[in-house]
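After this come two complexes, each holding chain A, first together with chain B and then together with chain C.
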Partner chain A sequence: MSDATSRLSVSVDGTAVVVDGEVDAHTCPDLVAALNPLPGSGDVRVDVSGVGFMDSSGLRALIGAHQAAEEADRRLVVGKPSPAVRRLIEISGLSDHLHIAD
Partner chain B sequence: MVHVHADRERGLRDEIDRLHAQLNRERRARQHRLEINRLAANTSGQVTRAGVAAVIAAHASDLFSAGWVMVAYVGDDDITHIAHGPRVPDDIRADWTTAPLDTQVPICESLRTGRRFELRSREDFEPWPILVAEADRARLASFTVEPVRGGSLPAAVIALGWDHPRTMDDLERELLGELADVAAPGFRRAVHTETDRDVASTLQTWLLPDGLPDIDGLTISTIYEPGKGEMQVGGDWFDVVEVDDGRVAVVVGDVVGHDVRAAAEMGQVRHVLASHLAQDGDPVNSLAITDRYFHRRAPDTMATALVMVIGADRSRVEIASAGHLPPVIVEPGTSARTLDCGLGPPIGSGLGGYTSVARPFPPQAIAVGFTDGVVEQRDRTIDESVAAFCHEVDQKLATRLTDDAVPVLARLVTRRATSPDQRDDAAAVIVQAR
Partner chain C sequence: MDDPAETSVAEHHLTVPSDTSQIAALRRDVASIAGDGGADNALIGDLELAISELATNVVQHSDAHTISVVVRRDADRWTLEVDDAEGIDAHASHSLPAPEALSGRGLFIVHAVMDEVELIDDDGQRRLRCSKLVS
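After this line comes the complex of A and B, so read on.
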């Protein structure tokens, strides 16, 4: 548990979520907890500029939150993905679905 | 008077020495407790008993200024498995990695009975002929075996040895007891993980296709390799589905997760997708239906999949991807490259919007669908990793798409999937038009 905490930090301020570190199967529950239920009201911005590594479990968390936002007439914006995370979103066929902002 | 003074001075000096010794002892105990806790934290990343035992064996010798350390547990095979600390002589290490549980040595007896042993000198070794015989080679003159609490029998034992006769003091006994206590949860957790992994890996094997149909006009090879360590189980799969009208759908996919649940979900996704492919052979339609189905029925299930449908005359291929890596294709006279395919989101996302790309599949051409366990390298981006794979395919085939090209590539894929630095599980399908 302490291992997971030290590799990922997720902070929520209103509807601004800042994710730092590595998102994988072990650390992902922290990200899911921050996004489910969606924080605040209105659009949610998830800043992933500090995410050096993300695997498919991280994508699943983002897609889940994206779908929850759509259903509530809100938007989930993925902010400032690093080239590696951006590429992961691309090869996973999600570029046309997730809202991405720099 | 003088005598009285001298006595009092001596008394004071003794008192000061005693306090000093006590302070030192407390400082040492505090330091050791810190290190014991650090050691316990280090075991938390280990998912097998072998891993937990190795971590303790590697670090405990410093704690007790012991010449060497062995940590032993009884494996599923009912044999004693032993992890060695760095100072155990190489030949002892080689001869004592495992031992039958009924071997007459204190480590095995402690595992059988839960007894604690403290042998302070070689005289104490005498009830143990094997220990007496090995003592010189092992450079061993005193020996302590501490059981790690388990169920009715110890979960493991920690054995410390020294090259000189030695009696542990109370503090050392206490600290060794504490080390055994903090080691117990690590072993307990590892037993659970090992059981889970066994169940999941059995499930995974059952849920993959058992034997492939023999298909006219195509040579097909499929590969599945379990991962290592914690990642031993995954949700990777392959499938070969005959469409009613003579087309053939070749699938490779990857369910998110690395546990029993991922293995079970894989079986479901594989069959839902296959049943739709078998009916109408339309990759776009089949992916869309499967995506919607899992989004509604099992929202936590997510999988990527690549579907390649080869025409009834084997001359064309239609490719669609649900968030999956594109296939690598080799055609006569060209080098290996990834193919553009219709790229949509993962199955279960509920996002839909799949497309496909249809293209010629000339005689002798080979298409390889694979999961990231075949290509992924930690220190490279996914594009670099795939490029390195293409390069290796070219080297192996040397542009000769002969009849043995499929087995040659199957060996390459298997070697990559089983390489020591590949932890993830891996699946692949290799298909060649004849």
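After this line comes the complex of A and C, so read on.
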């Protein structure tokens, strides 16, 4: 039986952040904590290939970190978006705003 | 089930405590109901996104103690109804939020993934109904 509560793991190694699981209002504080303040120095890459679900709560965390990076003359790169994350970014009109890398 | 027009209407009522920890359970229930009703993965994903946004809205903006949802399968559509849609501004929701906006994106996303969205005022109780048409 699967756990009824959403599950998220966020690991940070230098400026490489790997996010796995589901990002919603319940789990997004973990993502916000990993990205605020931005880890390390230089560009930050957030690998979201293992994110099976994300809603606007997660998007808000990514946008906040993206802006913090811009203000610090750094870049936040959203890496390998899963189909669910890609669709969310597209319907939200953020494909050209966020830095996305496959 | 041979003729879609003869598919019987199926309605499911889901009620969980108004807490963010319950939103994942609602998503799973909606996904499971939709999957059992023949929805494909893209449709299931859109319904999961819509229910997640709407349930989050109830937790964050309503005083209700529960999140109350109806999932209905009609011959031509899937419909989600959520009670206590208190924080929803029916008029401000159609426009795309500015890229740098941190909030206000939830209902826009519901509009983006669902075909019809309407806010119903039922004797002071606000309910949001949204539908996805299927062929």
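Everything below uses one rule, namely that the second predicted complex is superposed on the first by the 96 of 102 C-alpha atoms of A that agree within 3 Å, B and C clash if a C-alpha of one lies under 4 Å from a C-alpha of the other, contacts with A are read in each partner's own complex, and residues count from 1 in each chain.
Everything that follows uses one rule, which is that a contact is a pair of C-beta atoms (placed from the backbone, for glycine too) under 8 Å apart; a residue touches a chain by one contact, two chains touch by 3 or more.
Since we're looking at a predicted model, the values are computed, not measured.
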Combined model on chain A where chain B meets chain C, clash or fit: clash
First, second, both or neither for A:97, with chain B first and chain C second: both
Partner chain in contact with A:22 - chain B first, chain C second, else both or neither: second
First (chain B), second (chain C), both or neither touched by A:84: both
Which of chain B and chain C A:63 touches, first, second, both or neither: both
Partner chain(s) touched by A:12 [first = chain B, second = chain C, both, neither]: neither
Partner touching more residues of chain A, whether chain B or chain C: C
Chain C clash site on chain B (candidates 26-34, 98-106 or 368-376): 368-376
Intersection of the chain A residues that touch chain B with those that touch chain C: 2, 25, 56-57, 59-60, 63-64, 67, 84, 87-88, 91-94, 97
Residues of chain A that touch chain B when the two form their complex: 2-3, 25, 56-57, 59-60, 63-64, 67, 84, 87-88, 91-94, 96-97
Chain C residues touching chain A - in the complex, by the definition given at the top: 20-25, 27-28, 45, 48-49, 52-53, 56, 59-60, 96-97, 99-103, 105-106, 108-109, 112-113
Residues of chain B touching chain A in the complex: 41, 44-45, 254, 256-258, 295, 299-300, 302, 304, 321-323, 325, 343-346, 349-351, 353, 381-383
Touching residues on chain A, where the partner in the complex is chain C: 2, 4-7, 22, 24-26, 53, 55-57, 59-60, 63-64, 67, 83-84, 87-88, 91-94, 97
